[in-house]
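Below: one structure in structure tokens.
Lettered A, B, C, D and E in written order, each chain numbered from 1.
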Amino acid sequence: MAAEVQVFDAVLVVLLLWLGWRALASADLFKAVVQFIVFGLLLSLAWVRLGAPDVALAEAAIGAGLAGALLLDTLARLGRSGAADEARPLGLTPARTGIALAALGLAALLVASALALPERWPGLAEPALQQLRASGVSNPVTATLLNYRAWDTLLEVGVLMLAVLGVWILEAEPALPRPAPDPMLGLLLRVLLPLTVIVAGYLLWVGAHAPGGAFQGAALLAAGGVLWHLARPLSLGPSPVVRAVVVLGFAVFLAVGVATAVLGGGLLTFPPEHAGAIILVIEAAAMLSIALIMVALFVGRERAPSDAGIPDSAADASAVPGAPNPGAAP
Amino acid sequence: MTGSAALVTVLVVPLAGAVAALLAGRRGAVAAGLLTSALGVAAAFVLAGAVLAGGMQRVAVGGWAVPLGIELRADGLAAAMLLMTAVIGAGIAVYAWRYFGAAGHHDPHDLAAGPPGPAGKAAPASTQWLFWPVWLLAWGALNALYLSGDLFNLYVTLELLGLAAVALVALAGAGAAAAALRYLLLTLLGSMLYILGVELLYAAHQTMDLLQLRERLQPGLSVWLAAALMTTGLLVKTAIFPLHFWLPPAHGSAPAPVSAALSALVVKAGFYLLARLWLDLFGALPGAGVVPALLGALGACAVLWGGVQALRQTRLKAMIAYSTVAQLGYLMIALLLASGAGGAAAGAAGGAMHAGRDPGLPPTGGFVGKFALVEAAVRAGAWWAVAVVLAGSLLAAAFLFHALSRAFADAPADKTSAEVPAAPQLAALALALVAVALAAAGEPLRRLLTVGAAT
Amino acid sequence: MSLALLYGLAGIALVAMGLYAALAARHVLRRLLGLNVLGSGVFMMLVALASRTTGIATRPDPVPHAMVLTGIVVAVSATALGLALLRRMHAHDGSPRLPEDRDAGSP
Amino acid sequence: MPEWMTPALWIAAAAVLGTIALGLVRVERGPSNGDRMLAAQLLGTGAVAVLLLLARATDAPALLDVALVLALLACVAGAVFVRRIGVQPPERDEGRGPTRATEDGS
Amino acid sequence: MSGDDVRGALSLLLIAAGMLFFLAGSVGVLRLPDLLSRLHALTKADNLGLGLVVLGLMLQADDAFEVLRLLLVWLLVLFASSVACYLVARSALRAHGDAPTAAPEGPDEDTRDGR
């Protein structure tokens, strides 16, 4: 990993900062969202330059996949009135100068503390690498996530579950008019979905000894699920089957934790000889759950047009944009 | 059952209950919730007993030593908070059992606990039962938070708690979406500031374990900046006086059991972390006395301002929300006195005051808490604290009697008071009795709090 | 100017931008984007910090990488929930802003 | 491989980053949302190229997997855009160019 | 000039050619007058630009598995990009009504829009 600064890094940092600002300050929210998606792309390049390929994989899978899809879908549902914003959304008004000063002050203090860092900074690299043999995997990041700090990752899967429970709790949203099935999207799905599943399985498997892992695989699968929903709409409400898969990853992780506490040495203490297999089982279950959760977050809960659910008091049907008029001659 | 086994049980029971509730679906979720509550209370009592007998319980998750691994620790304060959370949680579970209805098809107007927020219509009955998995995950997050000794792990538990609280507030239907969204934005901002502080501490001392950090802590720009960022982040999440504006609308529009859960439990977690940081970690820094003093002052303002606002409220739930803001003020004062005159006295005050919402009249636990607080204040010579606490108590008494008087007055013609089913009344009564019991049981609680107290 | 310092400073700049936008913006989608940029800034500081060990250990410190991966998951979950709430609020109240930010001028 | 190859690859990567910067100008200016979406498409390809060059320059085969993921997801944003929002003629009026829901029958 | 040097030079030549097409694609996207012609320029950068870079890198690949992955990446980008461009073009056609009349906006006219 070339640790010294290249011309490449200077250009990348300038682009990142310019894009970061434009993604926040562009008056047209659609432009802001597109710039945010590209910001995610360049951010994964930054993770690569800093020697964090695992993080780069996750950023790429999330940024190019789910995050972009969620933002664009929300913009569409907000419609014209919702997506409109003031001409200078972050313009410096008297009220905002306080915030600006606070942000700049914080930045100055952070710079000072960054400059004060000792030249030699060992971090926890050595202990993590020494214990690697007993962790059951040879990729130190996967070892940290699934063994050293497995308790964090278990709660993190809980956070994902809560997000989808939150979406389910909200009432069904007014349904977008269903565009006609699109043969081209169908082709896209037929070609990409099998490949996505294969590569996701590959990432899950390779995660043990090289950058990859359950979360990156799940984010990829989720993007496949997004394409599926676009081509052939899914409904992922809290039905028994969907709930079972959503809770699968968390339940398997917790069950393994309890089993190791009762039988073995303690909560989430994996015997070194079986650690690799246990981690793979947990990751496989987590990948399926996280993938379905992410697709459910994108699909949300739409009230079928015929559903006689509780009508919205602010039934501003005009705000809901029509997708491109269906049935137009291709 | 050894101490560490009790600790693991306390952690796992709510999470396993959430899995069961989610799998059980609408029909079985209530049963799963009630069963988990019972088991959880039992586990919390066993753990408290183990801590009283055997001192601080420690579990290194995965067998990895700190700083690489995460260590879970149960000292006196943590055990007391777990006990209190379990007991109040059980009360909320019973109340929610009736409020959300056994079969989940709950009629928002069948209870006199005030209409569920301005929306007037709760989330559709089909998703009301999701209260149970979300509430159990929130309880699991609280237990994980009280037991965690690792700063980044605390960040994950705070997020889990935050999202659960947002989902609970959203239960009140579309009208509560704005309140839930405001709460989500602020709690995310609080978490970001908190994790920025954790990053600075990790940069300075290459560890995220609280005890290890306390040994290695040297005053410096990074450490002071980290302390400031983490404190600000937690102040936002705990709705302490200047940053409390998200609390009343979030509670006001939430269903009764949710607003009880939010004000009694969720908001206190942020305060617990502040206490943990300033008593255990940053308190050791030279000249660190200034921050608790500032927090104490904020607490005083919260007590007075919260009390006045509560008086002006017309809706019961809004009054409770502002009384929560006031009550947090007492805790901040307790934190200040704790950092000064020994953790135990004020810890006891804090613990006792959690139990109930009562103004601290003689028979109740609240009184014990306030008395201990005044006693600590007198010993520390902080006369202003004494004045504030007394004034606060008067205000609290005023707005509570204001509410009670309305209850005894004859109902105005147009308002028909719906008949309240037995269970919620019993749950509320039980919690009040617990508050009274605390008055009697003050001594063992005080001893519990001294176990493993840092100072 | 080492690699870690360059990206560390870039991370700090993103933190400042994100913090300003998260507080100053009035459209909730923009505030959510601000929180995401703020998160990316903090994560960049963490990963830049981790890359400081390349001189000593054979590879960067994996612990901050694991923290950032967890942070990315938490951020995407919270953003998804936030966007769902935003859609709900807009459908119910007719405005993409929080009540205190709505004024007569814009919706 | 000859020793001058690595610096050459770094220069190539920086050059592709330069073309990405050009693409960003179109994202910034692009009058209609369709322009912005196609520019984002171009930048996705640029990022894939940079990753392939870096994989060779820093001898890290793992970056090929990152490029593979980006290649697989290159069309997701575009598909969501087309399906949910659709191309709209650029706004003629001054100031904001808000996304306009496609009027039916345009 | 040893065998390696020849292969290195050829590889670099291909990569440089790829750069040219990337540049052409980007400039095209910037300068061409309307959406549909920009789409045309975009595809150049994708298939030829990336294709040549991939070809150049294949010469330097360590093993067959790397060559395979490089090829797969290129084919995927080719496929995904062409489908996306088709979708955007069709959507543009719908938005502009029937034939894509060249919108009367030259590159200079864009300055009005750039805030």
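The working rule: a residue touches a chain if its C-beta (ideal position, glycine included) is under 8 Å from a C-beta of that chain, and two chains touch if they have at least 3 such contacts.
This is a predicted model, so every value here is computed, not measured.
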item	value
Fewest hops from subunit B to subunit E - one hop per pair of touching chains	2
Intersection of contact partners for subunit B and subunit C	A
Between the pairs A-B and A-C, the one where more C-beta pairs touch	A-C
Chain at maximum distance from subunit C, centres defined as averaged CA atoms	E
Rounded Å distance between subunit C and subunit E, as computed from the means of their C-alpha atoms	31
Between subunit A and subunit E, centroid-to-centroid distance (C-alpha), Å	27
Centre distance in Å when subunit D and subunit E are each reduced to the mean of their C-alpha atoms	10
Whole-Å gap separating subunit A and subunit D, where each centre is the average of the chain's CA atoms	19
Subunit D, residues touching no fewer than two other chains	20, 28, 37, 39, 44, 65, 68, 72, 74-75, 79, 81-82, 86, 97, 102, 106
Subunit C residues counted as touching two or more neighbouring chains	15, 18-19, 23, 45, 49, 63-64, 70, 74, 77-78, 81, 85-86, 88, 91-93
Set of subunit B residues in contact with two or more other chains	68, 152, 156, 159, 163, 166-167, 170, 174, 177, 196, 203
Interchain pairs in contact, sorted by label	A-B, A-C, A-D, A-E, B-C, D-E
Touching residues (chain side subunit E, partner subunit D) in the complex	4-5, 8, 11-12, 15-16, 18-19, 22-23, 25-27, 29-30, 35, 38-39, 42, 45-46, 49-50, 53-54, 57, 60, 62, 66, 69-70, 72-74, 76-77, 80-81, 83-85, 87-88, 90-92, 94-97, 103, 105, 110, 113-114
Residue ranges of subunit B touching subunit A (in the complex, touch as defined)	4-5, 8, 11-12, 15-16, 18-19, 22-23, 25, 59-64, 67-70, 72, 121, 123-124, 127, 130, 133-134, 137, 140-141, 144, 152-153, 156-157, 159-160, 163-164, 166-167, 170-171, 173-174, 177, 196, 200, 203, 206-207, 220-222, 225, 229
Contact set on subunit B toward subunit C in their complex	68, 152, 156, 159, 162-163, 166-167, 170, 174-175, 177-178, 180-182, 184-185, 188-189, 191-192, 195-196, 199, 202-203
Footprint of subunit D on subunit A - complex, ascending	1-2, 6-8, 11-12, 15, 18-19, 22, 26-31, 34-35, 37-38, 41-42, 44-45, 48-49, 53, 56-57, 60-61, 64-65, 68-69, 72-73, 75-77, 79-80, 83-87, 176, 179, 182, 185, 188, 192, 195-196, 199, 202-203, 206, 210-212, 216, 220, 223, 226-227, 230, 321-325
In the complex, subunit A residues that touch subunit E	27, 182, 184-185, 187-188, 191-192, 195, 324-325, 328, 330
